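Dropping the structures in below, format is structure tokens.
Below are two complexes that have subunit A in common, paired first with subunit B and then with subunit C.
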Partner chain A sequence: MKITHEIREKTITIALDGELDASSSVMLDEELSKPEIMLFNKILVDCENLNYISSAGLGVFISHLQRFEDAQIKLIFFNMQEKVKNVFEILGLDLLMTIVSTYDEAMTVANE
Partner chain B sequence: MNNSIRISCNLDNLKVFRNFVTEFLHPYAINKIVLNQIILAVDEITANLIKHANKEDESKSVKLTILQLGDTFLFELTDNGIPFDPTTYVEPDMPTKIKDKKGGGWGLFLVKQIMDKVEFSSQGNHNVCRLYKTVSKVPVPAKQD
Partner chain C sequence: MPDPIKLKKYLIFIAVISWGLLLGGIILYYPGMATVPRSATAEYLVYFCKAVFVLAVFLMQRLRVNDYKGIDSMGYLWKLFFRAGILAYIAIVLNLGYKWLTKSFPDPNLTLFKTVYALNFAFFVYFISKSFYIWRRLILFQKTKPLAFEWKWFEILFFSTLSISVFHLDFLNFIFIPLLALLGVYILFLSLHIKWVAYLTAGQKWRSIVLLFAVLVSLGVYIYYFYRPSQPVGFDLFRDPFILLATFFAAIYPTFCFLVALFSLPTASVFEQKRSDLLNFQRLTQLIQQGEDLPQVYKTFFDSAVKASNSDGAWLELLNEEEAEVIEIHEITEPEIIQIRNLTQGLVIADLDYINNNLNNSRFKTLNLPYKSIYVAPLKSAQRTFGYLYLLKELEQSFDRETVNVIRTFVSQTYLTIENLRLADEALQNERYKEELKIASSVQESLIPKTFPSDSWFEISCFSQAAKEVGGDFYDFLQLSEGRIAIIIGDVSGKGISAAFHMAQMKGIFYGLMQDDLEPVKFMVKANIALTHCLERTSFITSSLYIIDYKLKGIFFARAGHCHTLYHNAMTEDTFYFNTEGLGLGIIRDKSYGKRIHNMHYDYNPGDVMVIYTDGIVEGRNKEQEEYGEERLREMLKQTYHLEADDIKYAIIHDLNEFCQDTPIHDDQTLMVIKFRNVQPNFSA
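Let's look at the complex of A and B:
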């Protein structure tokens, strides 16, 4: 699992590369737990190279959702592979989280 | 291809099982999403066995055996850790989890949504979890020399 990020003003784009399982999800949790993350008002998650996600990976996003919502930080996923999106859908997370197709769409939703 | 594999109880070994399931099912040309779901179900049970039943003790192991029964696949996971009692299982509630900022506890829920049948049995400290999944239009695998 490789996690990289790009910062543009108040937006951070986090790119996930690899497989998010019970072992690697710890890294993502550490990334999202950093105090600096609360300085942004938009967190865009680029899932283009996210090839796999298990409940441990989903759990990281679920556990941070309330904190981001309380701080009015928008969390938006984009470029998600169908098989990965399907796992979000099984838990009904596609209805609770914002998942869009492209970066442009993510930016449009983020700026609404 | 061999139909069984054993890993020691380290979460880094989860990908070994995922790769094994992927390779085993490759000849059957299963729909990508269904294939990912099957891999996920095996991964979730294995993660629970490593973390909860065997406390990530690397001197212990989990064995996976895959059997084909007609168009149904059986994934059998065996270990010698603390037995899981399925009668104690309580389905998690998403709004509560989000409010409490707790992300865990969705593994078995996912497995139950994905698999057609999930069985747990224990005898002494020998535990077996059986996952059954029927897959449509399974072609006969090519004969190998």
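Let's look at the complex of A and C:
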């Protein structure tokens, strides 16, 4: 699992590369727990190279969901592979989180 | 081989008889009396008896000394001196007693004198025979094959000289003298095997020198006694090649040993030091087997190092979070330690040895301490330094290369011991964890229902397998009323122990809430609230609850983020998933959860099949990292729906295993097949 991020003004784009399993989700949790993450108002998650997400990985997003919502930070997923999206859908997370298909779409949703 | 105890008895008997005959022969023979002609036969008999006596005594000693247990060379010397050497002084007493006696009672026939002579001879033979075999023991100390061979031949040749004395041949001629001289040289050669002396400590060397000297003195007494001229006995029992060689051997070997022990005394302390170093190494390594703890290892290390270096002052300190804690002290006070440490702090570089053999030239002199040499050895592993050993001596140039090398070896040995101790501890701990896990596993096993509800209108078959010892999958049943049954399946996020705990909780929630026969959505909402209090933020549970009602011929269910239910409709011959919405439990933890889950209802027909499972089934992977998938599962049901529930389950699991080949499962797997019987019984409401 490789996690990279790109910052543009008040938007941070986090790119996930590889499999988000029990061990790598700890890295992601650390990344999302950093205090400076609260300085942004948009968090875009690039899932283009995310091949697999385990329940532990989902748990990380779920645990931060409420916090971001309270701070009015938008969390948007984009470029998600079909099978990963299916995992989100089965769990019912697609209705709770914003999942769009492209970066541009993500930016449009974010700027609404 | 005859019984050695019996053999010994025979030998004693033979020795006593032959000695008696020998004595008789000597007494009867009187050189001054012309009336008793000197008979050659009698003379031969005397020599024959002597040879038999000597042989019997030697063979007896051979057996005796072999019986001596242990390998303590000092013990041999003691035995030799006390059992045989002392007899020399008894011989002196006998002689003096004879002289004193003959002053008042003359001994005209010299009978008494001859008796004393024969007794002394017996003592002497006993002494040299014991010497012979005790020296053999010492020569063969740490023997090699060639040495054992050499000794065997020496013994054979040596005993063959006995034949000369049996026939009383004159051995002082040009045939025997060179042969005997050769044997003498052989004895000299064998006498060079004095390895045992090297193993003695300085104290033992002193004692052995004294004992060897005493043994030599005893021998000297005998030689002096037998060499006295004008023996009025008629027979010179000493004039015998066998006796001469044995005496030579009995004299030359202790002489060699004596000299070697004497001259090795100055270097004894060095050997002793090396030996104690070796023993200390052994002790360090053995500490683990003895189940000792860390302080004991440090103590042994410290004591060994102080002893090896002969330090006048020393201490051992451990670094605990940069704070040095002194755990062992030798002849030095705390204030002195602080003074010295302050001074050396700048000089000791993290993980290098620091040696200063001339403290007079350094700032150290200002401390006014008696020490002139210092050696600081860091205790270090590959990653870090965890302590320091300080050694101080009052003389300059004290820490030479030898000492430093020994201390270094101690340090690395200690580190190894500590590391091994830690590993042994860890192994024990792991063993304990494994036991605990086994218990957890069996507890969880008991949580999974063993008996399935069976009825005439449906059949059910279950499969479940955890990826680790314990898992987060669960399923259960509850008969709500006649013809009404609740079935739950669920999957706790994560794996292992934490998942297993939540699984047990969920089971409790299921039993607690379903006593009230709740409709599925109500159950989920209440379960969500209950879980809010006991599920950590990153965990959630997916679950589906089904209530099958026979009277209504319907299934009522709700899906909380769990895998879609696979269904085969026997009427339409359609195999499909119930694609319904529903959020997992523990994701939103407020009242709004109720909006995210929906009650579903489906009327079943006889012959319908329902397959419920956890994601471990559809996410089962093969070597190419492809997932089994919902589609393949659907295809399987399409082909097997006509079978019985058990067979459908086996078919699916078999297909899944075939797909995954030998890839180890990475998530818990649960599969449940429910089939409504083709012929439904007539249920009277």
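Methods note: the second predicted complex is superposed on the first by the 112 of 112 C-alpha atoms of A that agree within 3 Å, B and C clash if a C-alpha of one lies under 4 Å from a C-alpha of the other, contacts with A are read in each partner's own complex, and residues count from 1 in each chain.
Criterion: a contact is a pair of C-beta atoms (placed from the backbone, for glycine too) under 8 Å apart; a residue touches a chain by one contact, two chains touch by 3 or more.
Given the structure is predicted, the values throughout are model-derived calculations rather than measurements.
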Exercise. Here subunit A is shared; do subunit B and subunit C fit on it together or clash?
Worked result: clash
For this session: Could you tell me if A:E82 is touching subunit B, subunit C, both of them or neither one (first, second, both, neither)?
Result: first
For this session: Give one of first, second, both or neither to describe whether A:L91 is in contact with subunit B, with subunit C, with both, or with none.
Result: both
Exercise. Which partner does A:V60 contact after superposing on A: first (subunit B), second (subunit C), both, neither?
Worked result: both
Exercise. More subunit A residues touched by subunit B or by subunit C?
Worked result: B
For this session: For A:K2, select first, second, both or neither according to whether it touches subunit B, subunit C, the two together, or no partner.
Result: neither
For this session: Figure out whether A:K10 sits in contact with subunit B (first) or subunit C (second), or with both, or with neither.
Result: neither
Exercise. Is there a shared patch on subunit A that both subunit B and subunit C touch, and which residues make it up?
Worked result: 22, 54-56, 58-60, 62-63, 65-66, 83, 90-92, 96
Exercise. Which residues, counting only subunit B, touch subunit A once they are in their complex?
Worked result: 11-12, 14-15, 18, 32-33, 35-37, 39-40, 43-44, 47, 50-51, 94, 97-99, 101-107, 109-110, 113-114
Problem set entry | subunit C-facing residues of subunit A, complex | 22, 29, 51, 54-56, 58-60, 62-63, 65-66, 83, 90-93, 95-96
Problem set entry | Residues of subunit A touching subunit B in the complex | 19, 21-23, 52, 54-56, 58-67, 82-84, 86-87, 90-92, 96
Problem set entry | subunit A-touching residues of subunit C, taken from the complex the two chains share | 491, 493-495, 537-540, 542, 560-564, 581-584, 587-589, 596, 615, 625, 627, 667
